[in-house]
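Going in written order, the chains are labelled A, B, C, D, E and F, and every chain counts its residues from 1.
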Amino acid sequence: MKRLLITGAAGGLGSVLRVRLSHLAETLRLSDIGDLGEARANEELVPCDLSDKAAVDALVDGCDGIVHFGGRSIEDSWSVIRSANIDGMFNLYEAARNHGRPRIVFASSNHAVGYYPQSQRLDADANTRPDSLYGVSKVFGEALASMYHDKFGVETAIVRIGSVLDKPDGHRNMSTWLSFDDFVSLIERVFAVPKLGCPIIYGASANDAGWWDNSKTGYLGWQPKDNSATYRAEIEANTPRPPADAPDVLYQGGLFTAEGIYED
Amino acid sequence: MKRLLITGAAGGLGSVLRVRLSHLAETLRLSDIGDLGEARANEELVPCDLSDKAAVDALVDGCDGIVHFGGRSIEDSWSVIRSANIDGMFNLYEAARNHGRPRIVFASSNHAVGYYPQSQRLDADANTRPDSLYGVSKVFGEALASMYHDKFGVETAIVRIGSVLDKPDGHRNMSTWLSFDDFVSLIERVFAVPKLGCPIIYGASANDAGWWDNSKTGYLGWQPKDNSATYRAEIEANTPRPPADAPDVLYQGGLFTAEGIYED
Amino acid sequence: MKRLLITGAAGGLGSVLRVRLSHLAETLRLSDIGDLGEARANEELVPCDLSDKAAVDALVDGCDGIVHFGGRSIEDSWSVIRSANIDGMFNLYEAARNHGRPRIVFASSNHAVGYYPQSQRLDADANTRPDSLYGVSKVFGEALASMYHDKFGVETAIVRIGSVLDKPDGHRNMSTWLSFDDFVSLIERVFAVPKLGCPIIYGASANDAGWWDNSKTGYLGWQPKDNSATYRAEIEANTPRPPADAPDVLYQGGLFTAEGIYED
Amino acid sequence: MKRLLITGAAGGLGSVLRVRLSHLAETLRLSDIGDLGEARANEELVPCDLSDKAAVDALVDGCDGIVHFGGRSIEDSWSVIRSANIDGMFNLYEAARNHGRPRIVFASSNHAVGYYPQSQRLDADANTRPDSLYGVSKVFGEALASMYHDKFGVETAIVRIGSVLDKPDGHRNMSTWLSFDDFVSLIERVFAVPKLGCPIIYGASANDAGWWDNSKTGYLGWQPKDNSATYRAEIEANTPRPPADAPDVLYQGGLFTAEGIYED
Amino acid sequence: MKRLLITGAAGGLGSVLRVRLSHLAETLRLSDIGDLGEARANEELVPCDLSDKAAVDALVDGCDGIVHFGGRSIEDSWSVIRSANIDGMFNLYEAARNHGRPRIVFASSNHAVGYYPQSQRLDADANTRPDSLYGVSKVFGEALASMYHDKFGVETAIVRIGSVLDKPDGHRNMSTWLSFDDFVSLIERVFAVPKLGCPIIYGASANDAGWWDNSKTGYLGWQPKDNSATYRAEIEANTPRPPADAPDVLYQGGLFTAEGIYED
Amino acid sequence: MKRLLITGAAGGLGSVLRVRLSHLAETLRLSDIGDLGEARANEELVPCDLSDKAAVDALVDGCDGIVHFGGRSIEDSWSVIRSANIDGMFNLYEAARNHGRPRIVFASSNHAVGYYPQSQRLDADANTRPDSLYGVSKVFGEALASMYHDKFGVETAIVRIGSVLDKPDGHRNMSTWLSFDDFVSLIERVFAVPKLGCPIIYGASANDAGWWDNSKTGYLGWQPKDNSATYRAEIEANTPRPPADAPDVLYQGGLFTAEGIYED
């Protein structure tokens, strides 16, 4: 690719992946509402508020691909979620439609299906079951991506991300952990396949205790290599076993199911 | 019920159903942004803009049940859809959570699954596949209802309405027609069952050429009685057969799939 | 048939069906541990305790078909359930194996699947989920019938009976009601089909609010005709709507889920 | 339609349907290798051997629709089956491709799935399981129709016909019976729908004891009205119950499963 | 755990696992009707007949976990099976209900599904299909465990054990083999997960020729490591290929399907 | 085996496998319509035209197993396909029926399901969807094998072969590649299992980007070891990414979907 846009590039995920994805394009265009720091060799920095339609239109112009980590990534008040994740998604897809339909990686979330019990195995055809306003905004985003694919041909990899961490650190992310290496290899596959479509992919490593079945998107050729079980002995030694009725044990979305509605 | 709220009561659907549903409650509270006309015997009229959070909160206060027809019911620009169908839904569910969690009939739409081909049979577990910003807003509404059910116990009948008409008048609504009688009997069942949950129900009569399978919500005891086939001879005599590649023939959402994005 | 055995013929169900099934055989052999009253024209009365192996062997000898209503039909202590429903079943199937393998109607029960929520539709492939020792004994009986079919060729119609009543009288049996007429027509079909096998059939009339799908046993040609909805208006007028968290509303097995273990 | 071709018009099925389908087109072109008798008012008679490619090409030229009953309709030697049902199908589809792709009703057969046990319910996604060379030739025909649809846009209604009779006359056709009225209404629907595709439809009336589930082709709007159960009492009175291990009782294809390979 | 009860600890399986599981608890309480030998360091020996309700109650008192290998593990007469596997299970679950509901590993068996053909892949939702009175007693045990979970919150890992052997030694256990290492790691997982529920798990190693799919219980994080294929060359060299119609080749339950009913 | 017949032994596949399979039998009988070269140590060469019934009968006589690679393996005119793949299959199965029913490996093809999109995962129950006359002839062959199994007990491994190559060389065979080693191990398993039946197996290596799920035939114990991903970097370096609408990217059958009908 000539130019790959990464939104949310100043966030926890974005600040790691701007380094790890630099080989994917001649130029990385990095955007965030927060401080992006110094530009590295092949980076260009474009601060942007995703709820500003004109700004997003300019941001997308000239890009061949988009990795969309921008927006709010935890629960928040309705006005924050709506601006960042609902208006923001609409603006991004309108821009993509108007500027050559670059392929998009959309950071959706396990919180789109967070109210499923942990004992239930899910695949790409599971109905959504969001656990928060944040989760609802991700369902909105998935629906928008689906419509822009069916109607306008914009291709999106909808990634229901589990827990991107250096290593797993507790019961729930024994199942949800996604290593950086595996996430990078997924993004590489998304931009390498001749035809992407608009698949739903669960973003988790090859964890022994995984909940999610990606076999329906096998055509992408993505095979995660890491396994949270490598860290099990260490975690079980350091972490008390949570009670059987803790939200972190009952539901795939964990603690998100236990939060109320945030006031503005 | 003591008081049943009908939103969108001045619209095409609402203006018929305010009459047909009057037996369900001692008082019907009717609301709309448009002109509601004169109040009938057991009606109280409360004009309201659904995007006004405080007004919606007051509107819901004191109601035992809600039939939510309000919002925009066809494609429109983003700002219209967002205010009426996204902000409006959030405001309604927040008010319901705060005022005793009345049971809700949510007028979702076949346009939440409008990009499925007409040859594909769907049931309540079909993934959404919206055909328009309008359809995307209905997916948002379904997700919000699901989350308020799982998290706060608000019960909603999500009705993916087909085509509510006096009688069917063309190819597509031979499959999508929902008669007023059948719609009324569905709403009666929703408020009669001891436990509703948050089911997805396709709102169509017992049409010979139907696309949708409601067997998973059989516990509601709803059995539509009307059948578009009654009108087939008349329709085929008066309407030329549409071409095989017309949007009205290809997709369940019909012409909605053929519309672009509306500018504000 | 020359001789049809009805066990449990003095019970609530048996005492009605001994009359309604008399056309099926030249002789009805009626058995019970309780008082069978006077023998009618084509009846022969054979009192029998099902836990007595030798007595059951004699009882079955000479019969072409068996309708097995015998045993305990509600929750009870382990020793009662075990004698009547576990030992009794073993004795009956051993006798059937030894005496020409007459075809059997086994009165299993919805309590074999009583812990499913009422909102879940079941068919013949649903895993069992019993709600009581009684329900567990019915799962045992189904398993025994299955094994005697696979291994010895004894054919059984396993009927998971709902609620056999003159007419439905409350919320739960709007879904579970089985009319006497429909039950009789089912038993007629079981003895008429050239090959029965060992199917699981849900014993319910054609109720609008039914939970169970018998399509997999369509080859039997049984089509129930009655519908609890005929009585809905009357029931809803006379019966208060039960609360949403009542066992009678939550689970298919209704109140059985609320009983503890009975001491001997 | 201007001109509808019926092949096999001198056969058992064709000779009835040439009368019953005459309202579907201005002209019926009737073809057979056997004697077609006298032409009626809107008929034109075109004798033709289906294995003659040039003759079939001429036969199809000028037709808007085809009802293909031609070919061998029971088991026969390989050379007969191959000429009539394999070469014949290829010739017909080549002609259709070359002459405007008229819509086709293809008389496939239950013998394409004849080795399924009668206790198994099938729908349009069942794998084929033919019971004879005849059945294998029907699987070939279905595959050819599928390929001409995917590749060249020829639309075919693949009808796995059960038993077309005035009325059912034995155990097996209590399940397989297709009345003439129901068959005619099916063919009417095939030519009336705006888009047909290439569906597999089981050709049976609404028999209580049916084996086949047509719900996946509900979009056609076909609802058979007749029911073999109307004749059950009469049949059971006149016909002894066949033994449980008779081919007519074991397999959906009945006696076809019991025939060997015919020598030329 | 403070105290883990192993029933059947003198049997083939128990005598190995009492050693292999000693790290799971401070004290192992070992029970059997047979000779338990000498107590090792952290063992306490409690001889017990499982059909003795009071004795079982005392046996369970004070235990945090139970590995239930007790009972009859091959086909036997009804009175033996009933006492050991039916009464014994009831007594154990009553004791567990009364003494703090310790988590249970229940040694169910592949003979609960023994009549499936070896060519059919099964998962946790397969209907039971027992092959013997022994198999029927295991279905009873599974049903009892399910009911005690739904009603009283007792958690059980239902393990349908294949063939626990040092190494596989014939055709059938190329598919059914469960190594001791893999069995131990399964039991470790059962007692380590925060919430167990009442899952059905097939107890087999990661055999190339396996019949069973455990993906639905992936949340346990159990991944067997051994593979019978390691021994294939050796086995095929030493064992003649069994005939295609041998019970050991036809059915998952193997030779159990070929045994009759044992007399007392 | 004493004698294994390989048809098509002079073809691309056959000429490799005649060497790789020589350990499977004391004698390899090799047949082709083309030049078979010199006979090696345990080979006997029998030239044969598969459309010659008597010659095929003699060819099969005395063989214990058959690997059927013969016939036309790419698209061709109807007369070529019919002689080689339709008449040829019939002749082979008639000979097998008449000469002791040797077990058969039938080289079917992914072109029997070639019109499925590459994004759709298939297993053994997928309906056929052929992409060419060649693909239709393979569906015919599968149906014939199925019928000869159900009716006459001839066992066949139906292998829907992907792309047998030394190594993958482009986008599509990253998914379809079958290495020679993996193909040989599959054929070994087919002749080693005690009971084969008539399974459908997708012939592909363990490719990261595979489309096909062989879990339903796990009982065969075949586990391919090779993976096209080994060659991915090399291929992506040397091959331009094909456009998203190329037949080689859209359909599982690749370029076969783009060919017309060949004239004789």
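Note that in this section contacts are C-beta pairs under 8 Å (C-beta built on N, C-alpha and C of every residue); 3 or more make two chains touch, one makes a residue touch a chain.
Chain identities (UniProt): A, B, C, D, E, F = Uronate dehydrogenase.
If you're wondering where the values come from, they're calculated on a predicted model, not measured in any experiment.
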Determine the set of chains touching subunit A (Uronate dehydrogenase) that also touch subunit E (Uronate dehydrogenase).
F
Since subunit E (Uronate dehydrogenase) and subunit F (Uronate dehydrogenase) are copies that touch, just let me know if over half of their interface numbering is common to both, same, or not, different.
different
Centre distance in Å when subunit D (Uronate dehydrogenase) and subunit F (Uronate dehydrogenase) are each reduced to the mean of their C-alpha atoms:
32
Gap in Å, rounded to a whole number, between the CA centres of subunit D (Uronate dehydrogenase) and subunit A (Uronate dehydrogenase)
52
Going by residue number, subunit E (Uronate dehydrogenase) touches two or more other chains at none
Testing understanding: with touching defined as stated, what is the shape of the graph linking the protein chains, line, ring, star, complete or other?
other
Okay, what are all the chain pairs that touch?
A-B, A-E, A-F, B-C, B-D, C-D, C-E, D-F, E-F
Could you list, by residue number, the parts of subunit A (Uronate dehydrogenase) that touch subunit F (Uronate dehydrogenase) in their complex?
192, 194-197, 199, 215-223
Spell out the residues on subunit F (Uronate dehydrogenase) that touch subunit D (Uronate dehydrogenase) in their complex, using ranges where they run on.
78, 82, 86-87, 90, 94, 97, 112, 115, 125, 127-133, 135-136, 139-140, 143-144, 146-147, 150-151, 257, 261
Residue numbers of subunit A (Uronate dehydrogenase) touching subunit E (Uronate dehydrogenase) in their complex, please.
118-119, 121, 171, 174-175, 207-211, 213, 229, 232, 236, 241-246, 249-250
